[in-house]
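You will see chain A twice below: alongside chain B first, and alongside chain C after that.
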Partner chain A sequence: MSLICKDIVKTYSGKDVLQDVSLELQPGKIYGLIGRNGAGKTTLLSILTAQNPATRGEISLDGQGVWENRRSLEKLCFSRELNANAESGLASMKAKEYLRIAATYYESWDRDMEARLVSLFELNVKKKLGKMSKGMLSMITIIVALCSKAPYTFLDEPVAGLDVVAREQFYKLLLEEYTESGRTFVVSTHIIEEAADLLEEVIILHQGKVLLSGETQSFVDSACHVSGKAEEVDAAVAGLEVRHVETMGRSKGVTVFLEPGQKIDESRDVSVQPVSLQRAFVALCGEEEHK
Partner chain B sequence: MKRNLRFWTRYTFETMGVELGATALLAVLALFGADGLDWSFFASTVPLFLCISAMFGIVMINSGSQSLYVPLLISLGETRRNVFWGFHYFRALVIAVTLALCALIWLAAPGEVSTAGLRSLPTLLCVLAAVSALGSIMGTIFTRWRWAGMILIIIICGGGGGMLGATGAIAANGGFSQADTLMLVSYLMKTPWWLAAAALAAVALDAAFQWVLLRKQEVRL
Partner chain C sequence: MNERLTEQKSIYLQISEMIETDILRGILLEEEQVPSTNELAKLYTINPATAAKGVGLLVDEGILYKRRGIGMFVSSGARERILAKRKAAFAENHLAPLLAEARSLGISREELLNMIGERSI
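Presenting the complex of A and B:
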């Protein structure tokens, strides 16, 4: 049971927000969807879950189209980031009411888990959504995502506005749920460093295109930071894919992406260090010079 | 579909609660204005307050539903087709419950007004269906083109309320001729074909308009 999207294009006012995006999301994995602001992450998640129509392209789950297909949609949950200032009237809805409606629509909704999470997050569900802080709204979206029990669950910036304790709680809950249920989670986040350990696979979206989709560890392992005297660094990385160049006087540091079989010339007087997912992401999507 | 029906049925009864509240308020206001009180006559006029509350309630609630519940349900994994039918089911149920309550009250309080009221049910059905369709169209416009929808709602609700008030004032001051009164009563007693046709056209137009926009609607919460 894979969720497959093929050649997705989304155009707003003549501008391509997503360009030929093709992905395969396999069951039982945690994916990280990362990208800069405006890269098209929320748009992609909305299209994958049929909340927004694509301009072109196809999405299927287990070989069945997702659009207007209740059987497929039952297996998907995209817990959107709630906007309490929205003119939609959501601000005047109580959290309790929102959760009640969500429970009506998700067949496998876990009421015990809902009660447990409401208590864990110390949420006052009698409060209107418009009166809640950004962190509290994030808690609501986390509750909907986890309690829906949907085999494919998408979370858009789930930790936005959460304090460090609540963020840790969320990562723990996500991991627990993943271990117990084997559900697939796709988590879009800007807080890459914190979530890096959770993400088995990473999808990097940049300017509406998928720059990379693959195992997080392989991606991180393929990158390294090379530093030393500028001429030594240049010689050591000659012919390699160099990104994110930093110079300070005669010293230079670069992030290099190695293809299989490629190596850094270690006979040169340079220091080679592994990089974190965040640093690799910045190197890949940053505006720095690349060769 | 079962979940969809459960949601819209519950929402119908919440809406009916608001409608009954507004009816009670109108009835209390009417009581204050009455010189003497004939309880039987008063009871037979309550359905009229209920219909007025339903008309304004349907317009306002339809607009709210379009901008809040339709995108919310899509975001919770419901298909657009089911949301479309669920929303129509909700509106039909509100009208049906309203008319059923009117009929029950008129049956419970027999008299001249009640007899006329029972005969006017088809006309009331046409009026409520047309008003409901209008409310839904306004709601769709409001969701899609915020300010244009808002201006339209103000004009239509303000205009409708104003007309109703003016008509009441004219009637209270004996401003209606006998011929005018007879014509109005005849419309209530025997539904004019053009009213039925207008209601049908409004419902069809609303359904077509709503479906075209709903198919391409983007969820923004």
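Presenting the complex of A and C:
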């Protein structure tokens, strides 16, 4: 009972956007998909939900291929970022109509929840999508994702453009729906700090490859920040995987990723501090700028 | 239970410590039901698995116990057990950093003892 993708490759005009991506998404978990702009997050989500064919590789849900398989597709919902521009043809569509169309796609669409969320977000559904702000469009994608009741639901940047109050409302709604239904959610986000504690598992996509996939807690626990006099820091972290080095005069700070069994030499005169998911992510994926 | 979470420590540890602190302060009484992991998850907007891990720690230590089909309860004797545990960890958690700071400031053992002597507990 899981959504599995194996060795996914996606090539756009000769360029590999995804390279050998293999993942297993287990039922009843909240996954975070994080990565920098252009890492391939949206492409991966659209391929996992069979809205976009992979160049190579396979995707299966509970052992069944997903591509053009109605029974599998019914269990998947990918609520894309809404782009109500002229090309998408959505600009002149009213929010109400968009939601009505979405409702016909999903067998278990929850009308009561739709009404509740529209009023919670104070959305005017008579408004045309083209006249809506980025935040309002995000609210609509959130409503589609939650009301679809799909066992595997994918949200692409659901909080983009939302103000802080609406973002907190979304996190609470997601948790509420998750604890009540046990659905699987995969959420891509750039606002890592806020979502970190919600995510049981984290998938880090970097330049089209899965850099890491595992429990959020163990990833965060494996990283720490060591600082002090440069020589002391170097001695304390000798032989360890060091990232994100910053120096100022004689002082030095580094982020260290520990393998199981490894330790920092704390007999040295250094400060050792935990790091957040966001800091660990920057240390892992933000290397280029610091070289 | 309504403390804020910090980034300085794993969330599940903070959850278990907050429940302990509430037991010490008499906010949660022995043989009383504690909030469910879903309630904790919602209050802190954290994953329920994380809340469950924090609660699980206390179950392992005998501070909480499970009543099948009802929920988690504070064990009798939990308060004593937490006190004993925190006292045992006091030297490591509080004295070690104090001594490290004293060392880097060049405070002598005698000076430190004097400072402690001047304060009432």
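FYI, the second predicted complex is superposed on the first by the 286 of 291 C-alpha atoms of A that agree within 3 Å, B and C clash if a C-alpha of one lies under 4 Å from a C-alpha of the other, contacts with A are read in each partner's own complex, and residues count from 1 in each chain.
To be clear about the criterion, a residue touches a chain if its C-beta (ideal position, glycine included) is under 8 Å from a C-beta of that chain, and two chains touch if they have at least 3 such contacts.
Since the structure is predicted, the reported quantities are computational estimates derived from the model, not experimental observations.
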Quiz item: What is the contact status of A:Leu198 with respect to chain B (first) and chain C (second): first, second, both, or neither?
Solution: second
Quiz item: Which partner does A:Tyr105 reach: the first (chain B), the second (chain C), both, or neither?
Solution: first
Practice problem: Could you look at A:Leu175 and tell me whether it touches chain B, chain C, both or neither (first, second, both, neither)? | Solution: second
Quiz item: So, A:Glu74: does it touch chain B (first), chain C (second), both, or neither?
Solution: first
Practice problem: State whether chain B or chain C is in contact with more residues of chain A in the superposed arrangement. | Solution: B
Self-check item: Which superposed partner A:Pro53 touches (first chain B, second chain C, both, neither)
Solution: first
Quiz item: Where does A:Leu82 make contact in the superposed view: on chain B (first), on chain C (second), on both, or on neither?
Solution: first
Quiz prompt | chain B versus chain C as contact partner of A:Pro274, first or second or both or neither | solution = second
Self-check item: chain B and chain C contact sites that coincide on chain A, given as residue numbers
Solution: none
Quiz prompt | Of all residues in chain C, those that touch chain A in their complex | solution = 5, 7-12, 38, 41-42, 44-50, 53, 104
Quiz prompt | Sites on chain B touched by chain A in the complex | solution = 3, 6-7, 64, 67-68, 71-82, 146, 215-216, 218-221
Self-check item: chain A residues touching chain B - in the complex, by the definition given at the top
Solution: 46, 49, 51-53, 68-70, 73-74, 76-78, 80, 82-83, 86-90, 93, 101-102, 104-107, 150
Quiz item: Okay, in this complex, where on chain A does chain C touch?
Solution: 29-30, 168, 171-172, 175-176, 178-179, 197-200, 216-217, 220-221, 269, 273-274, 276
